[in-house]
Structure formats: structure tokens, C-alpha cells
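So, here come the structures, one by one.
You will see chain A twice below: alongside chain B first, and alongside chain C after that.
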Partner chain A sequence: MRCQQLSTPRRRHHRKMPPSTQVDALSTPTRAPDGSETAANAAEGAPARRQPPPESNESMWTRRAVIFSFWAVVVFLGLPVWWKTTAIYRADLPLQAMTDWADGKICKPVFPLRIAVEASALQSPDAQHLIRTTQHALDDLNEFSAHHLRLMLADSPWTANLSQQVVSDGLRISGKDEDIALTIRLVPVETGTTPRSHLQQYAPTLDVYYAANQIPPASSTSSPLATFIAHELHKMFAEEQAQLAYLLSTTSSAHSAKIKSLSPETAAELERQSTRALKYAPTYHLTFSLFSPTFVPSAWEIESALQQYLAPLLESFSSISNFTVDSQVQLYAGFSPSIRQPEYDETLNAWTLRKEDLSGFINAAEWPLSPSIGIGPTVNFVLYVPDQSQSPLLVKENGGNSWLIPQWGGVLILNPAQAANTANTPTTLTREALAPAMHTFANQLLSLLGLPQTPNSLPLRLSTLKRVRAASLLFSASSTLGALARLTRALPSIPIPDKVAISVDFTTDHLQQACNNLREGRFQGALEHARIAEAEAEKAFFERSMVGQVYFPDEHKAAVYLPLMGPVAVPLLMAALKEFKGLSARRRG
Partner chain B sequence: MPIDQQKALLFGAAAAVRLLLFTAFPSLPNLLTGRVEISTPVTSFKRLQEGVFLYTHNVSPYDGGVFHQAPLLLPLFSLLPNPAYYPFATNLLYTIVDLLGANALMHIAESGQSATPRLFKSSRKELRWSSIAIGAGFLFNPFTITTCIARPTSALTNLFILLAMAKASQGAGSTFVLALSVASYLAMHPILLFPPLLVLCYDVRATKSKSAPNPLAFTAFHVLSLVVALGGLLYLSALLTGSWEFLGATYGVRLLLPDLTPNVGLWWYFFTEMFDSFREFFLGVFWLHVVSYVPGLTIRLRKQPLFVAVTLTGIFAVFTPYPSIADGTLYLSLVPLFRHLFPLMRYTFLASSTILYASFIGPAFYYLWIYAGSGNANFFYAITLVWSLGLSVIVGDSLYAALRDELDVERPELRGKEVKRI
Partner chain C sequence: MASPFRSLLTLLLLLATCTLAEHTSNWAVLVSTSRFWFNYRHLANVLSLYRTVKRLGIPDSQIILMLPDDMACNPRNAFPGTVYNNADRALDLYGDNIEVDYRGYEVTVENFIRLMTDRVGEDMPRSKRLLTDDRSNILVYMTGHGGNEFLKFQDAEEISAFDLADAFEQMWEKKRYHEMLFMIDTCQANTMYSKFYSPNILATGSSEIDQSSYSHHADNDVGVAVIDRYTYYNLEFLETQVRDPTSKLTMGELFDSYDEELIHSHPGIRYDLFHGGEQAARSRLVMDFFGNVQNVEVEGGGRRNETEWQEELRAIEGMIAEAKRRHNESLHTRPQLEHLVEEVEAVDKLRAQSVRKEGAVRVDEEQGWTKQVVGAAALLGCAGIWVAGSWFESL
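What follows is the complex of A and B.
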């Protein structure tokens, strides 16, 4: 039957042959016809014996139904399953907003500092006038527009409802209102050089002493007192301005154009400071270790020493970071064999270590100083008490006994025998003996945390650090968002779970709040929001399930699908094709 | 000897063998219960004991993720005395389950639906074994006996599948639907037997009543009763456990294969190797593969619905996620119903030798892998491949034989001649 069907087109073809061939065929009539012609003839001759009877209608429909049923399963169940299970879920991310954050288009951080002026001895119009002139002088001095100081009268109507009560009692208002960065107290004096100023070390208060005749008259636009205050303030906040400017210039190219260029020396100094300081963390872990190459001292009154010398400092830091503390004593801990042994120096009358060996002083292989305990980074403070035979031990070049290891901690060599003028090393280090060590450690900790050097008032330095940290967290979280947006655009094959989208929303939300807080001068709130934003941004960026598919190129998918799908697909496709062919042939024939 | 007497003798002997094995080798049941070839995570008797323990202590039996079996088994087994101390009641229950299964199988054989369904008379229909022989083939099959001794719940599933087939071949529509819904409730995949068995039931009903019932109404009625019966069972389970969480722990486990304990099937090894991101896709593919046989075979072999149902049990024994030899034994016991196809089968020797080979080497290779440590997972996997190959050869060969048988009826002049696919 198949041959019969084939023979029909063959004949048609024969008829369409070019004339020359026909002539040829006619000229040689004895030539045998081609094979198919013979076969067709044979088939026509004995169809019953060689060919099966035509397929019955019923079996044909059964076959079609069977093929259709398999295809129905594939199309109606298989394709949805395939679509559903291999689709890469990509949650919608606000990519444009994220990029804008990273480019600094949404938030331009500004640092308006409020400075309250207490002038109880002055009449209100006089005081107002003084503030106005000082503000003018200050604005003339300021070169960094994002960071500006705004003076206000402590008992002005603007803050009256807040502070009237307190001021009349003769107390400072700044203790109550955290948003006031500094309080200037104007004190009239009769003696001494005027104007002169005194910055209180443990309160954000600047006392300015002036003579009564230095109050600017209402007609003048400048006065020595106003200029003096403006210069004092400018000097006090110079380092903070430099730090913020440095931060803006290094973290974000968008800002660098607008800020004043820093002098190379200042930039180098700031870079030194920032490489020394640890990365910001909400919690730090402090480890205090006592190492001794012999069996003494075997005890130290570390707990009460920490309580007395360090706890107040850590307490004052609590608005920026928290601290956990532990301590350990390690006896028979020799220092690293890789450095030269101490040499005796006749002139110093002491054993000395070379400066270049200090970096290898920590015996990382044997001293149990684990890199990190708990969540936060660890800051190590090592107290080394040398062997009596090598005591006192000092640094050769400068006779010092302590040094700081950037981003790691501090080391101090304690020579107790020398300090106490006794021959033997005491078995227990008392709290008093630890006092110099604790003071050094406290200073080292301040450097490691990135606290600025000036001004000489701890609350002011802390609030500076708060602003610097808030700004750096803001930049870091923004740039993480930008990186995540770039990653999302660059790799269309990675899945993005809802968790990431939620984290991103959370981050932008907190960034916005941090930015608003900065603008309004609420730096504590800004720091808290920026901290949350940073944590969420990191969480979104380092989401584990996103990276699983990164190294899975499309060629691998063929290797996954083909071995199983191939054998299934071939018979399915062939059956369908054959059926279609048969259908079209029947329609034509 | 009258047929009843023969039957009594057969059942007595089968029960005696089982009870004797239970009592003579008291450690045998526990040994067999631990075998992966017999006990899968979804049928294991040990896990059932765990579930019963939790259930009797008023803890949700699905807490802890060990128990994956249907909740209604719990009250049944908590009624029995603790099998650790009084195993006799449990042993008796499983013996009775086997005898009832054999009884159902004999009913199927007696119905004659295997060789002479309504629309088709096999040309070799005189070639058949007696129901006693077929029952004996089931009861004394070593696979059936080991399954009975190991006491997995798949023995119950087998019983209800056999009951459903028996009732369908007797035309008892409601009992057929009830039995099938219990089987599906216990093991989920038997629901795929519904289309061919419904066709069988329809054919038998049509033969008996002389006027064929309306196919649409018949289908609608039975689908509806299946839904009602299954819904009732599930609702009862929810009442019993107090929540619907059993759905995920039972059918969810069968669908999604979280437990990759080795078994005689093909899924576990494949899914240990699969990339995680394609796991869901291939779960879908594997399940659809099983499902796709149902409509195709039912349409192609419309005239022999019982054969379709039996072939499907063979496919389940190979391609479901948690098969055990209990599924294999069900298929192997049903194949003798089609004695008339045996002369047309071409690979009986190959099939029987692969099955035997796998049954002897399988435990040895498992021992080498797990206990001796001198083999690895591929040893056991290779044997499960051989076992599946053996079963698929029987499935494929019997399918060929059934089609050839149809051709012989259609064109009697070709009988005994070589045929070729065109």
C-alpha cells in the first residue's frame, strides 16, 4: 500500500521530465524501468499476500487517542510543572532607588550642630546681637557647607519651653537636651586676660570669660568677643570637619567634588587614623591577657582595675557601641622565637627590644588569643610581665613600654619590680600596680575605636565620633545597596527571595530616617537607624540562597534535561510527527 | 476433592506456614522489618509502632518526622496488644490479611475477566489456571510470605487493591469504590487504578444487566462516590488527629520524597544525586511519568481493563517513590491470571532469571555496602536497577503478548506467524 502511494508521485514526476530525457527513454525502450516502478508493479500484482489490510478506523482513532493522552499529560501537566518548578523567583527590588542611594542622590548628609549660648549676665537684645555677630563671623570662617554650627540663645523663645525652668535654676541645659552639641557659657569677669576660654573636660561646655566692655554695641557688626568665640569654635570643630570631609571624599565620588580639598598632611593623618581604627561594630569584645614567661605573677586584680579605670569609659561609649570583656592569665608564655632576644642596654640600664621586632612580639602560634569570640570583633590587650632576669624591658629606640597594633589591640610591658623598687616580681598584681597599664589601654582603646584627638573634651569627642560613625554607616549601607542592585542587574539568572526585598525595603526605610535625623541634628537617632540599615543591607547582600545558581551556566541545563527528557521526548515527537504526516498525506491523497 | 475443601486446605496450609514461621523464629519478624527491601519509610512496621506509641501517649504521631502512614491505622493497631510482648494478635492479623487477599485474588480468577472480558474473547481462553492454583501462587510466593512476616502496612494496601479488583470484576460498584478509596487512602498511588477498574466494573455491569448503563452517569456516580469515600476517610483522620497536618506528613512525604532511605525503587538514588534547584522539577517529571501510563493504557487496551489494572500495579512496583517487594509480589501474583498470554511472551526466562538474580544478590550487596563497608551505594543501586529491569521486562512482554492476542482475534489467519511493527 505504501508502495502504491509512492508510485503515484513517481509517475507524476515521470511526466514532468525534461523532453531530452523523454527522448532518451523513448530511444531505448528496452531499458528496464527503475526499481520502484518494478516494486510497485509487483505490489499491485499481489497486494493481499505482501501488504497488511488497511488500518481500521477504530484502531486508528485508538492510536490517536493514546498519542493524544500522552501529549495531554505532557502539555497540561508537564509544562505547568516545568514552568512552576524551574522558574527563578525574583522579588521586585527598587533598583533605581538603590542605585540612587549608592550615588548619593537621595541623601546628602548634613551636620547642623546646635550650640547653645548661656548668657545669664546679658540683656536679651545684647545677647541676641552678640549671637548674630558671632554667627556671621563663624559663617565666614566655615568652608565646609555640610557641617555648620548654629548658635542659639539658651533661653531664647525657641528653646524657652524646654529650658526656661532649668536655666532659671542655674543648671546647664545641655545635660537634658542631647541635640545640643555644645554649650557656651558667657561669664563676665573683672580680672585676667579677656576674652579667654576654658573647655570643660567631662562636659560639653565651653566657658568664655569676657570683660563687660567687650560686649559689642548694637551698632557695630563685629566685635573682638564675637570673633574670638567664632575662632574658638572653628578650631574646636576643625578635626571633625576634616574627618567628615575625608569620609565624604573617600566613600563617595559624588560628594568629593563639592567639598574643600584637604591638605595632604591632614589627609595622611586621617588615613593613618582610619587604618588604625577597627571597623565599626555595635558590640566589641575586649580581651585582657596577662602573659608571663615564668610562674609569677600568677594573679592580677583585673576585675576591680577594670571596674575602676575602664568601666566609666565604656559606659560613656554605650550610646555608640557596647562592650563585652573577658580576661585570661597565661604563665610560661615565652615570646615568639622569630624575633631577636632582648639585649641589655648600658645607657638605659634596661633590657631592650628593637622597634622592628615589635610587630613579631605577639606569639600568635602559642598564645591563646582567639581572633573572635561572640558576634563582635575582638580587641586584644596584652600585658606582658618580663622575667626578672630581663627586667626592666623597654623598647630600644624610645624607651617606651607600650605600643598599639592597628585593628588588633594594644601591648604593654609591665615592669612591676622596677616600679615598686623590689627585687622580686610580685605574685599578685594589685589594682594600683595595674593603673598605668589601664590608662595606656584606655588610650589605646580610644584610638582603636577611632575617637578623634581633639578637642580636649570627652563628650565632644564622643559626639564627633557618633556623627562620623553615623555618616560612615550611612555610606556603607548605601554602597551595599548599590552593589546589590548592580549584582541583580548583572546576573539575571540568580533568584532573589522575598527576604532580600524585605531587607532592602527595611534598609532604605532606616537610611531615610537616619538621613532625616542627621538633617535635624539628632545624631543619636541617626546612628541607631544607620546601624540597623547597615546590618540589613549586609543581610540582603549576603543572602545564601542567591548565590547557589551563579555558577550554573545554561549549557549545564542541557546536561540536566537531555539524559532523561531525550529518551522520553523522541518517541513522543516521532509518534506525533508520524501521525501528522499520515493525516496530511491522507488529506492530499 | 470439592473446591471448598481444596480452598480450606490451601488456606489452612498457608496460615500454618505463616504462624509456624512467626513462632518458630521469633526474631525473624524484627529482622525482616529492618530490611529496606520490604520496609520503606512509608510502610515500615517499626515506624508504625513509633506512631502508635506517640498516639497512645497523646502526642501527635507526626511529631518527630518518623511516622508517615495513614492516621486511621493508629486506632486499629493500638487496639492490638503490644507486639513486643504479645505478638500473636498482630501475627494473626497479618495472616488473615494475606488469606483475605488470596480470597479476593481467587474471586478475580473465578470471574474470568482476565481472558474473556465483555468486548474481547481471547483465542486461548481455555488456557488458564484454576483459582486454587492462582491463590496458592499468591500465598506460597516467598515474597508474599516475607512481606507477611515483616508486617509492613503495604500488606493492607495490597489487600484493598485486590479487593477493589475483585469487586470491580464482580460488578459490585459501591464496594469496589470503597475498597479502592481505602487503598488510595493508605498508599495514595492506587487511585490511579480507578480509570481501568471503572471500565472493568462498567463492562461487568453491562454484561450482567444486558442493557449497558449510561456511561456518563455511571462514571459521574462512581467518581462522586470515590470523592465522598475518600473525603470521609480524610475527614475522619482529621477528627482523629485533631488537625490536617497529617496530609503533609503522609501524602506530602510520598509526593516530595524527603526521606531518601534506600529501597528497591529508582527514585532514592536519583534524588540523592540531583541538583537541588531541579529537585522539584524532576519530582514532577517522575510522578507525571507514572501518571502518563494510566490514560494511554486504558485507551489502548479498552477491551481488557483488568489487564490494564494489573499492568499498572507492575508499573507502580517499579516507578513509585517508595516501592518494596510487597508491590512486586502483588504484581507477580496477578500475572498468573493471564495464563493465556504466557505462550506469547518471549522473555520469560530472562525476566525470571533477573528477578531471581536480584532477589539473591540484592541483600548481599546491601550487606557489602552498609555493614561490611567494602561496597558502596552503587552496588545496591545496580541491583535495584536489575530488579526493576526484571519487572519491566515482564510488564513490557505481557503488554506485547496482550496486543498480539488482540491481533490474533482480529486477524485469525496470522495466528502463530511472525509479526512486525509497521
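What follows is the complex of A and C.
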């Protein structure tokens, strides 16, 4: 590089002179390389040699005009074009707003859950009073202000006709509303211990049985029934509260101050859950694989098994995520050879694998997992049927045959011969034989998706998951915005196209809507908006054109510009210099 | 009142920090940056590392292998179809099961930075992307010809330590790694990690500034050096000490195995970026970066009895039936939910977009038109200038 720099000016002298200096060149046609002195001597020694005619005024002005116009082109056209074309385009981003989103200053997520109370057997004032006392007891129990349960009197289905005439007083809501998190049905009974409650497993309904004398009189401010309901509700939503509190504390420091302290055990359990669960994606890809070290079983009734055991479960998730499914069978595919071979355990009467070897069980080098199809992350479910000579194959520590790999999927060792009490491994695994595996896989899928364990009602757990996911998406999109803002500030040479600015606007817009929806208790809407915001934020951050070699050393810049600018700059500078010299000489002389 | 609360909070924070140590996936980015036959050893370096991490359990889908040249098929290779890293030629690294993600002229600085920051096109297959998250440990191994604060790519361009540091910072900002081991075998390698400033990177290199990194030995039949010293001794440790995925050897033990007498240069290790400093970094297991070990959760304690299991199955079938029924019900009730309509529309729009994107070939009609218009305008402009020029000339 250095050689080029040095050689450039020298080479210029041999080149053709620009037209402006041609007059000079003509005036000393035989100028010797050692200077003008020789030329002067020659002129003296040979008087026959004719002097050039004096430069006319007109040609002098022409020359100056030519030099000036060259300079004008360079300064007024060249420099701006150079500046414009080499400048890095950076669209204006609302950096402060983006940082505020990331710091949680704009949106403080709150989770107001509406709970409808159906009390058809009670008079309206009594019911209102009961709700007020229960609400009071509930508020006393609640330590986590962002998560708030609000009781409302609902129209019972069988009084719906009557209630059409009732003027809405704000405390009444229709029982058919999607945004009702839970419905409490107050049922008066005469037998059994009261009050007692029963949570319906497949509906968001809590039945509370009470005796008629447990209705609080209008004068009292508390009653056993109200306290009982409040405690039941508190217990029911404890896990959700813990999950949300944990999410708030881990994702943003701004929220941690106001969060109720979680017990260390709860925190550890939640940490385990979050380690296990996959990151949210709008679409997951499920791969079911059958691996066998021998030639059997060579077929499995996976399609009907999935249809029967898994499809409804996936359908119930459809408001949160979608799923695509594929399956494969691989024969002569043994588990990883790098782990210790199974040992025969006399007490279990089975071949055993050690627990610490399980993480190396997946034969990643040879099993064709992760088909990298579809747009979502892949969840793998591996069904391994061991060789006849090593069957049954179990885990040494607890005699189990299945394990879950966090954020990856599940594995189950199926010992079909043992289950069917036959000597040989069947060539086809029937749907019935696959049932236990599907059961395990379904449970594994639920915990991989982050479904909470309590309360024991699927719709309630799903709606909890919906809230947790909406909140986590909100946080992750916000933090992506913050990261983008920080990068924009930290790396001034990275280009930022307009597309990014548009995506950022779109993101903040949807974040705001998601936040509003959360505040109004419309969690499905919040999830939808948060999902869009997350996708847009990712799009903005991972904008394809925002890459480039950001750092150029100065030598590189010199190397790029010198061959280009040198030849242009030298005659320009020299001509201007010469002209100024001549001008000042003439002024003096 | 306040102090127990505060102590609980600190306890919670402590818990949060110490449980952060868990990662759920391992990724490896293995890059050779030089082409041509006499750089055989760089390819062998990378393929040796590839073989090791694969042996220790990182699946191919989580290994990004960048090979700028194909030594196995080079006409000067006396053993076609093979790459060896030792003169004894006991182990064919090329084997029959290697998955190269970036090959030949795809190995560029731009592609490398795109890979690390995931700024790739929509059509990039998932297998060529680094799909990591905040619970992924990444091993980045690079080898090639380098100098003070740069590493040459394919004799055509170079990546500077600044670019690399900025790329890692972008990864950290986007939570694309949990912990990273950066390993580089090149001349003046330690200068490459000197500019890093993102947390949780453990960096090691083969030689100090103004030091060369030497090859270990040559195979006279292959005709060139087959492996570099630093990589050779790393591999020696990994192959002889880390026998299986249950190994509990630490990074500290790996670093202690470096012998400057044998390596002929001063390997460097940078601890200061790592959370917890030198002590924490040294106590990380080798398998945390070179293997793919997670805490699996074993289920099904004890052997379930048959009837209990049948009952469970019946319960789940009941739940499924119920879910089905609920789903059907919600299908009927869905039109009544008015406030959801706008969201549904938005989602539908989004879906429609994604459906449109699924086409095999995406022809951007509008883009094509604007390009054509620009081209036509340029041509017309040129023609205009020419006409104007000839008109002026005729004056």
C-alpha cells in the first residue's frame, strides 16, 4: 500500500498536463531535468531562439476560468456527491421511547381478572353484599397489586330472561363473556360440610356449596363464606401470581421493587419451569420419531394415535400456538455409542441406563432429528424400542422409562414385548401399544409449553398460560426495542433503513394496544397484539441490511481514496497554486 | 418490616443469579478462513474440532461448519476424499457424515457476521442459522491466517477484532448467548479477542502479539502440514481426557494443559469478561462448551401399575373429549365476540402475508418495475447527453 502512495505523485509528472498549464509547457520546450537555469543559459547562448509571444489577457482569463470551473465542479458537485453517497443512512428512531419501553416506564402490565359470581338462589342485595365482603377479604389477602381479582355478579342462565329488564349497574356482567376468567356458582345445599368447593376440571367454573345460614347478614363486614371463597380463589391463582411475579422480576429491574417476595422454593421451582419451557413461538413443529437398533418394529400406527391422543390437546392450544406435526421411523438406529452400555440389574429384572448417561442418549450424530422444516422451533419426541436382548430397558435410578430434555423434547423407551407379555418385539406398534407413550408425550408437551400445574382445570391453566405468554411477549418485544436503541447509539456507523423505523413504530403501536388490552382484562387481544409486536420487533432488529463491516482502519481508507483522489487532486492543487503564485508575483511586480 | 423484605429480595436475586448457570443447548461455530492446498492444516484443524464436538453430543443441526475450500477433493490430494490431521492417517476426518453449512466462496466476513447476528434473508434455511437464545452456550472456533487485530478470510478480505467485538455485542444485546467460548488458532491470535467488551465471553488464543502460531507436523505423503500445534494439544486433551459426555473436567484443567514448550507460542486466556471472573470461568465444565449436556428430568418414578395407568389414560381421554366439545362450542360462539374482530382481522392479515411468503420463488414485481424505470431513465439520459453534445458540436 505504501508503495502505491509514493509512486502516485511521481507518475503524475509523466502524464499529460492539463490544458491550463499547456502555455507554460510551451514556453520552455527544452527545459532540462536539472532546472530552469539551463533553459535560461540556452536562451542567452542562442539568441536565434524565439521567445513565445506574451500571453494575451484573454487567454489568461480563459485559463483562470478553466481552473475555476474545475474547482467549482469538484467543490460544488464532487464533494456533495461524495458526501452523500458515502454517508450512512440512518432513519430517525424514537430512541427515548424505545428505551422507556425497555425500562418498563411506559407500560406497567396489570392483570385484572374478572370473576363472575352466579348466585341464582340469592336476592340481589344479599348477593351484592356477599360479593362486597368477599372482595374485601380477597383484597386483604392479595400481596401482588398487579394481579387483581375482581368479583362481579353475573346473570344466571335461568334468570337471563328477567335480567334483560334490569338496568346495568356496572357490577353485572353477562355470563357468556369470553373475558371472564372464572365463574363461581353458588349452590345452596342442606347436607355435607359447608362451605365446600369443587373446581370443574374442564370448565372455568368453581362450584361453591353453602348452607343457607352462611349468607352474611347485611350488617356484618365478614363472614365465613366470604372468607372461604376468598381463600379458595387466592389458592387457585397462587401459581399464576407467582409465575407473573417471577416473570416481572426476571425480565425487568424496574418492576422488581414492587413485587412480593417469593419463597426460595417457589423461585427455584419457577426457575426450573422456565428452564424447561420452550420460548414462545406462534407455531411449533412436533417431530415424533421411532428409533430401533434392529429391524423391528418397522411400522407404527402413529397417525391414528396422534389423532386420538394428541390432536384434541393441540386444538385446545390453538388460541395460543399452532402446531405442525411430522413423524419418522428409523431402523438400525442405536442410541449414542459414546455413553456407557446398559447393565443388567437383578433387582429390577431389567437392563438399566444410568441417569447421568441419559443426556448423552440421543445419537445426535446419526439420528436425523431437527428436520429444519417449517417456520417454528422443533419439539422432538423420541420413542426408542430397545433390542430384544436388552429389553426391558429402564433408567437405573428410578426404574422409569421416560425423560424430558429441557427446551428440546422428550424421550421414551418402549418395551413392547414386556407390555404385551410376548417373547418377540412386534413388527407393528398398534395404537393401543402407543397409548402410554402418547400419554407421556402429551404430559411432556404440556410442561414444555409451560402450562402451569395448578389449578386442576385445563381451561383455567390455559388462560393462565395465555396471560403469562402475553406478558412475556410484551417484555421480550420491549427489551428488543431497548437493545435496538442501545445498538443505534453504540454503533454510529451501522446503517438504519426506513423499514426499521416503520417496524419500530408498528411495534410500539401494538405494544401500546397489548398493554391497554391487558389493563382492560382482554387477554386474548393482548396476546394477539403482543405477538405482532414481538414479530415486528424481531424484524426491526434483524433487518438484513443493518450489517456491514463497520470498522475500517485508516490505512484502508487511504488505500481506497488515494488512487482515486490523488490523480485528480494533484493537478488541481498544482494549477491553483501556480495561478495564485503568478497572481501575487504580478501584484508585487 | 423493611429489612426481612429486603433480605428476601436479595435472596431472590441471589437465587436468580446462581440459577442462571444453567444452559439448555449447545452450539458450535467452527470456521476455517483460508483456502488453497498449502492451508490443508486449517481445514484439518476445523474438521478435528467438528469431529470432537459431534462425538461429545452436539447435533449437526447445532454445528455451523464453515469450510472455504475442499481439501478432500483437491487434485493434489494423494488420498482423495479424505482429510487427515495426523501423519499416521488413522482417522479420516472427512468420513461419510459431515455437514458443511458454508462452503467455498460462501465463507466471507459478511456471511460470518450475518450468521452471528442472525441478519439473514428470509430464504436462509434453518440449518445455516445460529438459532440460539439466552440459554445457549456457544463455542466459536476460528483458524486461518491472521495478524495484529485481524483475521484474513480467503486471501480476499479480513475481519477485524473491532468487527468481531461489535458482532458479539449485538448478540449479547439480543440475548443470543448465555456463555461463549471463543477459541482462535492463528498468528497473533490473542489480539483478536483483545477488543471484546461483551459479558460472559471466555476467550483463548494460540499466540501473543508478534508471535506466530506454528504447525505441528507435516505428512510427507500428503505433502503439507496437517495440523497446528495449539489445536493439536487442545485436541489431545479433549480426545484423551474427555472420553465421554459424562466427563467432569473443567475448563481450568484444559487451560492448565497448555504447555508453551510444546505449543511454541504463548496461548492467552481472557477471563475478565466472564461473569464471576477467573474462578467461575475455570470451574466451567469442558462439556459446557464442547458437549451437549442438559439436566434431563427423569419421569415415571417407580413402575406404574397397570390399572392406575389405565385410569390415567381414561382420564386423559375424557379430557380430550371435553376439549373437543369445548372447541366445538367455541366455534359456535365465536361470531358473538365483537371486540375480538379487529384482532382477528389483524391476525388474518398477518396470516395472509405469511401464506403469500410461502411461495417457492418470490418475484418482487414492483422492485423489478422501479429498476426498469431507473434503467430506462439512465439510458434516455445518456442518449440525451449524446444528442445535446452533437448539437453543440454542430453549432
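Heads up, the rule we're going with is that the second predicted complex is superposed on the first by the 498 of 589 C-alpha atoms of A that agree within 3 Å, B and C clash if a C-alpha of one lies under 4 Å from a C-alpha of the other, contacts with A are read in each partner's own complex, and residues count from 1 in each chain.
Operating definition for what follows: a residue touches a chain if its C-beta (ideal position, glycine included) is under 8 Å from a C-beta of that chain, and two chains touch if they have at least 3 such contacts.
Every value quoted in this text rests on a predicted model; they were computed, and no experiment measured them.
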State whether chain B and chain C clash or fit side by side on chain A once the two structures are superposed. clash
After lining up the shared chain so the two structures overlap, which partner does A:Val66 touch, if you call chain B first and chain C second: first, second, both or neither? first
For the overlaid complexes, name the partner, chain B or chain C, with more touching residues on chain A. C
Considering only the touch criterion stated at the top, classify A:Leu564 as touching first (chain B), second (chain C), both, or neither. first
Name the contact category of A:Thr193: first (chain B only), second (chain C only), both, or neither. neither
For A:Ser389, using the defined touch cut-off, is the partner it touches chain B, chain C, both, or neither? Pick first, second, both or neither. neither
Just chain B (first), just chain C (second), both, or neither: which does A:Arg340 touch? second
Where does A:Pro406 make contact in the superposed view: on chain B (first), on chain C (second), on both, or on neither? second
Touch check for A:Ser359: first (chain B), second (chain C), both, or neither? second
Is A:Thr86 in contact with chain B, with chain C, with both, or with neither (first, second, both, neither)? first
Once chain A of both complexes is superposed, is A:Gly78 in touch with chain B (first), chain C (second), both, or neither? first
Can you list the residues of chain A that meet both chain B and chain C? 548-549
Can you list the chain B residues touching chain A in their complex? 275-278, 280-285, 288-289, 291-292, 295-296, 299-300, 302, 411, 422
Chain A - residues contacting chain C, complex: 176, 178, 201-203, 249-250, 256, 261-262, 264, 267-268, 271, 275-276, 279, 308-309, 312-313, 315-316, 318, 336, 338-340, 355-360, 362, 364-366, 369-370, 372, 375, 377, 395, 397-408, 435-436, 439-440, 442-444, 458-459, 479-480, 483, 486-487, 490-491, 522, 524-525, 528-529, 532, 535, 541-544, 546-551, 553
Which residues of chain A touch chain B in their complex? 52-53, 62-63, 65-66, 69-70, 72-74, 77-78, 81-82, 84-86, 548-549, 552, 560, 564-565, 568
Which part of chain C faces chain A closely enough to touch in the complex? 5, 8-9, 11-13, 15-16, 19, 22, 24-25, 54-61, 97, 109-110, 113-114, 117-121, 125-127, 131, 133, 135, 159-160, 162-163, 166, 169-170, 173-175, 244-246, 291-303, 309, 312-313, 316-324, 326-327, 333, 336-337, 339-340, 343-344, 346-347, 350, 354
